[in-house]
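Structures given as structure tokens follow.
Shared between the two complexes below is chain A, which pairs with chain B and chain C, respectively.
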Partner chain A sequence: MNSQKKLIVSHAPFLHNGSKISERHLHIIYAALPAILLGGLFRFGIPAIGVVCLSVSTAMLWELIMNRAMQRPVSIGDGNAALIGLLFAMLLPATAPWWLVITGTFVAIVIGKQIFGGIGGNAFNPVALSIAILMVSWKDFFDFNAMLVNYDPDFIMAYPLAALKNFGVSGIEKYSIGDFLVGRQSGGIGATFGIGLILGGAYLMIRGFIRWEISLAYLAGVFVTAQLFNLIDPVHYADPFFHIFTGYTLIGAFFLATEDSSSPVNFIPMLIYGAAGGLMTVLIRNIGAYIDGTVLAILVINLIHPLLDKIRPKAMGKVV
Partner chain B sequence: MIKRSFFGFTTPRIQYLPIPGNVTAPAVSKQPENATLLVPCPAGDVDNQLAKKGDRVKTGQKISLAAAPGAYGIASLSGTLSSIDRFPGEAGQEYTAVTITATGEEALDDAFSSKCEPTLETATAFLGCLPGAPSFEAFTDPEKPIHTIIVSGMDADLLVMSAQYTLSFRLEEIKAGIANLKAITGVENIVLATAPDALHGFGEIGASVVAMEAAYPAGLPRLIVQKVLGEEIPNDKGFQDLGVSFFTAEAVASIGRAFADKQLPLEKIITFIDKEGNRSLVSARIGTPIADIFKQHDIRLKEKDRIILGGPMTGHSIFSAQYPVQPNTDAILLQDREDVSLTSDYPCINCGDCVRMCPARIQINLLVRFLEAGLYEEAAEAYDLDACLECGLCSYVCVSKIPIFQYIKLAKHELERMAMEEVAAEETAIEETTDE
Partner chain C sequence: MLSDKQLKIIYGLIIYLLLVGVLCYAAFPEKTPEEPVRMMFKVAAGKVLFDHKAHTSDMHYGLSCYDCHHHPMDDDSSLIACGDCHHSTEKANGLPETCLDCHDADEVEDTEMLKRSDAFHDQCIKCHQDFEAGPVACAACHVLQ
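Take a look at the complex of A and B:
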């Protein structure tokens, strides 16, 4: 009895499937890389590298500062801050000035996430919130035509959604879906390369790191709404494929709308959530004031998420 | 041991492992020098007239500690009672630990063999501590008659194979046990629940057979009862309210053997799962310290290992290898300190894995926020705390490693305690008014 060994005592269960938050975020970062490397850095060069690096590093720095300030355990190891920084950079034009990036990551990390209590507590997608606030505050820096004016590639460098807004369907006749898919379009650093985003999204859906119901419902929402507009007035409203492959639609569907904390987890709520996002995106684009409504649409569906959580299956043996 | 699958878009299913084809008979452990019985009787209620330190007991002798019908243990050794101590169990349960030190020749007690008739009186008096821990309490309540007895040939937890072994190799004893059960209780409707691949060869057993699914947690008692009754059990109803009584296969086999041998069996069949996940069967007398079993089977224990009684999902870890084998100890799982999965205080990130996994369809992502804040009443009212089957799958898949299962157990325990305090307060209030 004297030489008793000390044992670890804890509560059941004694197995774990080995999933980790850091692994989850790392895989989402991996999935975003093709779109950034091939679509962004290759196309826009050194300025894009600068924006991405600054965004990721400052996002992590803000997280660390907030951890210290609030005397909480350091949480940059979970990869969430890096992921937010990366996704934020993907939505920016390659020539975004340094102060815009730093302000943006501040808004995303501090206002979007940390003041709600950190990971899991945020009601809104931090990236979408930050882009929306910056877009309202400094509109000119999100005018891709003006920001990317010095780039002169061998394809049309006019921002497709701006062309649609200004000139209607006649303004977008020269664009082709094939160009959008291979990244031959103007836009955010990581938002132009359609195939890369689709592959990344498919990977995440198959692995279960994002909830496929949300992404597919979102794309279906965009498609159906755009198709309806197009059927009613094909002169003013573009066809659904144009909406799906331009602007922030794909990155929104796979990376923004699926953010864990701000999205529902039950089947029917996920479908409503996604479809509502798609609907709002096209509504804002077609009849709203903004060129691209994706981030605003995502904020709106984030807002209805707590309501959607009320729709839930009856628990086993529940006594009514 | 079981890792997250590569494909994550569907609900993962964890299958029960079938008993290996080349399973060998349980390795019999030697008779220990000391055996400790944990008697469900608070130390304050122990009646020194019935049992005291220094008493001599024979093997198979009933040691009553109090007048309450369940407050007894069956001596698994011949010797003297070397200590009778308070023993706090899990979640506020109070036991009294009775330690018997073996002295002299083994002698068999004849109290049971002298009136070895299958009556309810004998069963409640002697059979409660049989391996498999059968309970006859439900049959004594005339207001809630039992119409169905369910015998589970399925191990509730993963990796455990004690029930499957009993069903495969002790069928004759189960058959005799079922006949005895019918005689004891007068219940004719007996249902045997088995794993799906074991659904043959039970023609003459005297019970109808129901096959369960092979995916965890189908072997949990509540799900078995639900399958047999063919409907969901309301959360506010226990098995007894539904007229159902639940026995494990080993309990039934033990009943059969007790009446056939006219002696109470004392050997418990235990699945031992070693650090590498290899499974083997051992049998040991009830009361044997686990350290004795380890010593005999040459199992080395290191500092900061984890010993778990019961299966990996629902068992409980113990703080000393001196803990004795109990009538319901189906498995001993040994984990190396390297493999011990720890919980964390990370917040819920709302990934929804637990919600997809939950067999009871509870909104765990919402529930856990209330449990973390200690809002147990709200959790029970609005977020289906009562529906929990206690399978542990939510904690198993939790990416934040939140001890969800522990929170749920704690919440249930606290609610129970609060309800009891309320009742007690009401009773004293009534007493006070009557005094005036």
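Take a look at the complex of A and C:
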């Protein structure tokens, strides 16, 4: 009897529960703050504050300019532009030049999002698209070893994934997973503090702001693929935990792959989408040309997302 | 849709963040420390990340400055960048052609000005071999990524 009651729906008018798209973006921004504040601003200081502030403000400005140019309603209030600016800054080195930040937010907002018609219309994650374009165009600015050369912390400041790529597993023996978790590693402003990113991701998954299926499938994809490589050749390929806690993996799993309009909505497609992202990330890292394949892997899964959406539940009842 | 008040708050936020961002870049430009921490040499054979501090710090190898910086020996005037004398190309391009361009003959033993890469290779590899520590093979220092 109870199961029948579940299907009873009242007619209009409905009560709005108050949830808005801006609320969702605001909570994703909150979730990213521990990684930025403790992992980035605390570790890298004033230059990191400059990058984050410039990135968020110019992303919102590009959005405003595009709203005006395209004669559309002002959409900066939905928080999406601010979120894109914030995530973009999290992936940059703290010493990124100002013009790189402004160019990057332009690519993310204008080419990555507004060209497709604004929020919800973009085929690719704007942040991943922007970082990929910039990384290919000015790769030296994404060489964390060269960019963070003047920082002198009390831990190994060589970029872990570069050490792995160049010297194999013997080059990463001195690193520890514990250091990665507490942010004692080189990397992007908001990508180094493992615990912060995991807590942020867990909060978003529990509250339902991101889909846990995508994040966990992505991490599982990284783990399984890295484990297979490691089993086959432990001299050249690092263990899966190294891959999960270095580079952009965690921020990719919780903040990039889960972006709304570029990710699937059904259960099986989400699992395939996430797992394919993890697989591609490790493939690019281990046998590809790039040190960190996360953003490229996310673009690839963005590309297969429309195909994955074809896998959908069968409609109930008979079609006459 | 946003109310006028909400829009004003957002515009204010943009201006505030922009000002803070510009201020951080303008007022606190990146400074290269007087004594380098790490150095990245970008050369045709691949980049080399040299940990200057690890070589000088007592916690690590504890080398004296003058173990590497020479001409004149034991003199602070020798504490300059290697590339200030050792040119990185075949042509000197304004840098000294020989040591005698700057030093008197009684100050220096070897008057030939080595190219920067030859000077690095001689000095780094010889020291690593002497102490049987540190990289010697090309790919142990030069990386393509």
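As a working rule, the second predicted complex is superposed on the first by the 306 of 320 C-alpha atoms of A that agree within 3 Å, B and C clash if a C-alpha of one lies under 4 Å from a C-alpha of the other, contacts with A are read in each partner's own complex, and residues count from 1 in each chain.
Throughout what follows, a residue touches a chain if its C-beta (ideal position, glycine included) is under 8 Å from a C-beta of that chain, and two chains touch if they have at least 3 such contacts.
Everything numeric here is computed off the predicted structure, so don't read it as measured data.
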item	value
First, second, both or neither for A:260, with chain B first and chain C second	first
Partner chain in contact with A:68 - chain B first, chain C second, else both or neither	neither
Most chain A residues touched (candidates chain B, chain C)	B
First, second, both or neither for A:207, with chain B first and chain C second	first
Touching partner for A:317 - first (chain B), second (chain C), both, neither	first
Partner chain in contact with A:174 - chain B first, chain C second, else both or neither	neither
Partner chain(s) touched by A:157 [first = chain B, second = chain C, both, neither]	second
Touching partner for A:291 - first (chain B), second (chain C), both, neither	second
Residues of chain B touching chain A in the complex	1-4, 6-9, 12, 158, 232-236, 301-308, 310, 312-322, 333, 335, 337, 340-343, 346-353, 355-356, 359-363, 365-366, 384, 386-387, 389, 392-393, 395-401, 403, 405-406, 409
Touch list for chain C against partner chain A, complex	1-2, 6-7, 10, 13-15, 17-18, 20-25, 28, 30-33, 36-40, 42, 47, 49, 53, 139-140, 143-145
Chain A residues touching chain B - in the complex, by the definition given at the top	1, 4-21, 24, 78, 117-121, 205-209, 211-212, 260-261, 263, 265-266, 309, 312-319
Residues of chain A that touch chain C when the two form their complex	46-47, 49-58, 60-61, 64, 73-74, 76-77, 95, 98, 101, 140, 143, 145-146, 149-152, 157-158, 162, 165-167, 291
